[in-house]
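Chain naming follows the written order as A, B, C, D, E and F, and within any one chain the residues start at number 1.
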Amino acid sequence: MTDFSRADGRALDQLRSVRITRNFTTNPAGSVLVEFGNTRVMCTASVEFGVPRFKRDSGEGWLTAEYAMLPSATHERMPRESMKGKVKGRTHEISRLVGRSLRAAVDLSELGENTIQLDCDVLQADGGTRTAAITGAYVALADAIEYLKAEGVVPGEPLLDPIAAVSVGVIDGHICLDLPYEEDSRAEVDLNVVMQESGDFVEIQGTGEHGLFGRQQLGEMLDVAQQGCTELIAAQKAALGWS
Amino acid sequence: MTDFSRADGRALDQLRSVRITRNFTTNPAGSVLVEFGNTRVMCTASVEFGVPRFKRDSGEGWLTAEYAMLPSATHERMPRESMKGKVKGRTHEISRLVGRSLRAAVDLSELGENTIQLDCDVLQADGGTRTAAITGAYVALADAIEYLKAEGVVPGEPLLDPIAAVSVGVIDGHICLDLPYEEDSRAEVDLNVVMQESGDFVEIQGTGEHGLFGRQQLGEMLDVAQQGCTELIAAQKAALGWS
Amino acid sequence: MTDFSRADGRALDQLRSVRITRNFTTNPAGSVLVEFGNTRVMCTASVEFGVPRFKRDSGEGWLTAEYAMLPSATHERMPRESMKGKVKGRTHEISRLVGRSLRAAVDLSELGENTIQLDCDVLQADGGTRTAAITGAYVALADAIEYLKAEGVVPGEPLLDPIAAVSVGVIDGHICLDLPYEEDSRAEVDLNVVMQESGDFVEIQGTGEHGLFGRQQLGEMLDVAQQGCTELIAAQKAALGWS
Amino acid sequence: MTDFSRADGRALDQLRSVRITRNFTTNPAGSVLVEFGNTRVMCTASVEFGVPRFKRDSGEGWLTAEYAMLPSATHERMPRESMKGKVKGRTHEISRLVGRSLRAAVDLSELGENTIQLDCDVLQADGGTRTAAITGAYVALADAIEYLKAEGVVPGEPLLDPIAAVSVGVIDGHICLDLPYEEDSRAEVDLNVVMQESGDFVEIQGTGEHGLFGRQQLGEMLDVAQQGCTELIAAQKAALGWS
Amino acid sequence: MTDFSRADGRALDQLRSVRITRNFTTNPAGSVLVEFGNTRVMCTASVEFGVPRFKRDSGEGWLTAEYAMLPSATHERMPRESMKGKVKGRTHEISRLVGRSLRAAVDLSELGENTIQLDCDVLQADGGTRTAAITGAYVALADAIEYLKAEGVVPGEPLLDPIAAVSVGVIDGHICLDLPYEEDSRAEVDLNVVMQESGDFVEIQGTGEHGLFGRQQLGEMLDVAQQGCTELIAAQKAALGWS
Amino acid sequence: MTDFSRADGRALDQLRSVRITRNFTTNPAGSVLVEFGNTRVMCTASVEFGVPRFKRDSGEGWLTAEYAMLPSATHERMPRESMKGKVKGRTHEISRLVGRSLRAAVDLSELGENTIQLDCDVLQADGGTRTAAITGAYVALADAIEYLKAEGVVPGEPLLDPIAAVSVGVIDGHICLDLPYEEDSRAEVDLNVVMQESGDFVEIQGTGEHGLFGRQQLGEMLDVAQQGCTELIAAQKAALGWS
């Protein structure tokens, strides 16, 4: 195991370079370009006054999310889902993950009857698109809530502490942080973690399709993930000018 | 916390009564009715000689899964997905989980170029349908592989050690095993674990939409999950006459 | 013609063994498993307070039905309609037949503005799934109306006399009652009859794709069908405890 | 009952005026406009060399049919099925009926590996569209087979004896032939019959949604239907120049 | 270039024979069969009291259009869009063109809150289906507005001056008017023009997929188009009895 | 008319500021971000060895295009087409326009049996998205062909002279070049022109929904469009390093 090294020269527990660009586009209330290395996701937060039917007259707001890949985002172009008339299961799965995660970062009872729609569109994919999406979406959400507060339609302070997400994988027995596509496709175990700065989990998803994983290994992976999320949250705060 | 008790009188770490009925229907190579309390899922394993295009000439087999709910399975009838022309994200997400999990219980390289299609159709839903589906599907898979071996088309021994799945949740701060619908809908944290008898994980998915969870609590939940999976694997083995 | 015998040893005018199990599942107001030999259909009747738009303010109720096959119900697994995004014409045709037939067993003007949704899901198919569905659906309907009456929301007595359905076919020139799949697929003529105990018809559908049929033969087939329906109605009444 | 009369002044057992126009359009091998009173259906038979996969290398041909209504065919415009992305159950049901019926008028084993696609598009609807479609489709089929024979690709004589279809209904207790929309919508019983000149049935479909029907009444309805079909077959023969 | 002649013997700037038949069917408020040579399109105008949501309480009416081809309209039968579950881009494009064009022939502010739905269904296609559709739709529109005025629900005079449409193409360097399919498929340049009698344009669409076109040539094509539209408007007026 | 001025202070015949960024993403063979003022479109050209079935064994290549808007591109968020399961007619129409236009910039017979797939995804919409898409797509196409030539799979020189596209509109009687959304939505006449540097047209589409336009005005609009295209082609050449 002494000879293992990563193709991009990173240490095992090192993130790719992270960039968070606010106001990437101007129409949505929040618009962020997030980059984890070569992975680039445009995360927007659009606001709508009013809530879906199942939330009407609840006094609460709502937040929902959609994730998608542009057809040219991947190395081999993928067919456009709208043209096929079918949304892939993977797309649905990640949209649901992003929505659940970001609802943990907002207090809906403080939002008033407003809806925030997150859109995470992958411009360029190189692994970790879902974790980049969650990390960028928090920043877009913060900007959208700022907008709503400026509009005077939010009764309280709906924004909760930052959350960030990162992947950890096991490659040839080594625990590696923040996998690019090449590593992701051959990882024995793949773990995605969504976390608060406190170290508390919002969501963990670990999969061992090419090999099982034990409690000990899970613990080590969570340690690495926690460190990664801490760094990502620092980047979010810096982007938001909070630090 | 001394006053907490479960509506059905179970201990916190107690499974609902589990029943596994083989040969529930006669057309598929494997057909199992699995019951976790009032949750009832029909798990079938159909075999097809040949593999999908992306596996052709690989010498390997393939396994895939589809999960669905009958419209009358839930307390309030749900619209039929085929009639709406749309499969819900939740359905896709669980189908993918079942497929990934069961591929960890089969050595595709020993299966020959055959395909196993798992179908998990929920006849009655009372929480834990995805964990019951995975647990029952292993038994259907075992029967289907037995059938393929009897047909003489399987070169090796594709069946791996049993896997089972169970849910654990946190309710009013208490860690509870195998949640029925009533508990599931108000749990602060929800964890689904797919495990081998060895205690190694195939998949873990933990979600804290109504509350975060820490490392300590995760550990306790995994302990309870492991105990539940061990009991479920014993039930699988008994149903298969292996014990 | 003296040598003709049926593969399962039945007399030409003999039904397969019929079983009707009430309360098969617990969520819907009526839930019945009906078995005609190896054909098994789960028939449920769900109730909803209120009616579709075209019946609003009519003072009348509504009844509608959906029929479907589980993918593993047939000998060769069939693709799942929800995943294909297309409902087959056969499925539509039978759903419409079941709905029309059962509307003949209910007086909508006595139902109040309530809706009964029948779902007939075939767990195992061996011919006669539509006739089993209709026969079982009547029993589920009776239970659902009993439930509505207990709820106090039904102003009158909406349930009409029992209806049952059976198939008759011509095989090698012989008129046979209640065809299993093997006979159905090679029948020269196929007739489905939905009938009241009085002998009056709700629906008849006769098809001669592999051979025409004359008036004389139609009469003989209807005689056999009437006898079959009479026996099925007796089984319905016994299941409902009416006899 | 002595005072009953039909809105259009016809005798109870009288057809509406029937017109069959061949070569209505020029692209398909057979193209017929059939009119039953105000009901007008364009029936075309297109030929394709080759057969669908399930018939390949069978030495036999295939015939299939599609029925549809133009959106402006009915009194109230109906939404266009292609724009809704959904084909109605009624459309599927009638397409299947037309296909089954016309396959009874062709000997596929004499057709060679050729496919005939029938399209029955309703230009104007006033009841009886399915029976007009079947009656007109036979004439289009005859022309298409003539074309295939002229092309020299048909080994034998695939065309069988004419079939025609007509509706019979019970209105205020009176048996009426060939119902226009106004009668059809209030008929107690509705029977559609597809018949050969011999009087043998291809298909019968009788429905009593607003009232049951007995054996005696069925017999009387079939008598009237037979007379109607005989007249329609005479009209088909005249149009084809066979008489 | 002196030897160029058209397959049907027409002069370069000559229309095919044009026929406009009003009251082609009886259910819609306006129903026209328009023929440009062998191209035949059924154009109907259905009226609905009320407007779509985005026009509600505007005091104005609305007009929309759908264009479609019957599957047997073309030389080779085309799959039916409703059965494929997909509307082709070409169909959408022409529907939008027809709608835009005809909205230029109606003053929505004079229509009251009524909706006119145009349907242009191609019974037989031989090039120029979109231009025939527009030309025929104007006549159907005129009849529908006459109907609305007779109903007393139109406050003003919504019908504007006639518009007509024609195609012009460049074939082997020659500018030809009103192309049939054979010419259309090999034209270097294809121009569709929608025009008022005044010579003012409603819409021009020129495409040079097999060759570019210059300003000079565009001018010559527009001259020919204007002459064609003038003749078509004369035919519309004659059909409407306005001349 | 002396007082007319544009909201952004431009001269009537002045383009918005144009930026063309090559290599915007790294996976496709060509990837360009094109900006016309606030309109931003990501244009990619992906290459695939081989051609669709209808071009197989032709010795020629193929080029096709898809245009789409991200849901957050517009001021009010638009529903995602993939989630609705329906592609809007406008999307189809523009996809077809982009494909037709760019096929005029490539000699398919020199491309070999390779396919170029253009994707034009609008990141931010402020009018002129289709003209920006075409203008940017040419540059992406040039890069993709360069890539194919470097791969040695292109037998000849498929790239033809640059094409560019621009919109011209009439606003309060004034002819304006390159309309932003605010102008576009209230223009009396809207003209899109696709042009080569020579001044020859690839496509012209002029629409007068809120007012007709005469020959004279068309001529003036074409003059302005030609000037705009000339400037855009200069920008393309500069971006490609050709000037």
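To be clear about the criterion, a contact is a pair of C-beta atoms (placed from the backbone, for glycine too) under 8 Å apart; a residue touches a chain by one contact, two chains touch by 3 or more.
In this text the structure is predicted, and so the values were computed from the model without any measurement.
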| item | value |
| --- | --- |
| Length of the shortest touching-chain route, chain B through to chain E | 3 |
| Minimum number of chain-to-chain contact steps, chain D to chain F | 2 |
| Same or different contact residues where chain E meets its copy chain D, judged by the half mark | same |
| Inter-centroid spacing, chain E versus chain C (mean Cα positions, whole Å) | 51 |
| Cα-centroid distance, chain A relative to chain F, in whole angstrom | 33 |
| Per-residue overlap in chain E, given as positions that touch at least 2 other chains | 85-86 |
| Cyclic chain order - from chain C, heading first toward chain D | C, D, E, F, A, B |
| Chain C residues touching chain D - in the complex, by the definition given at the top | 88-90, 92-93, 95-96, 100, 103-104, 196, 198-209, 212-215, 218, 222 |
| Chain A - residues contacting chain F, complex | 25-28, 31, 38, 40, 42, 44, 46, 48, 66, 68, 70-75, 77, 80-83, 85, 87, 91, 117, 119, 121, 123-125 |
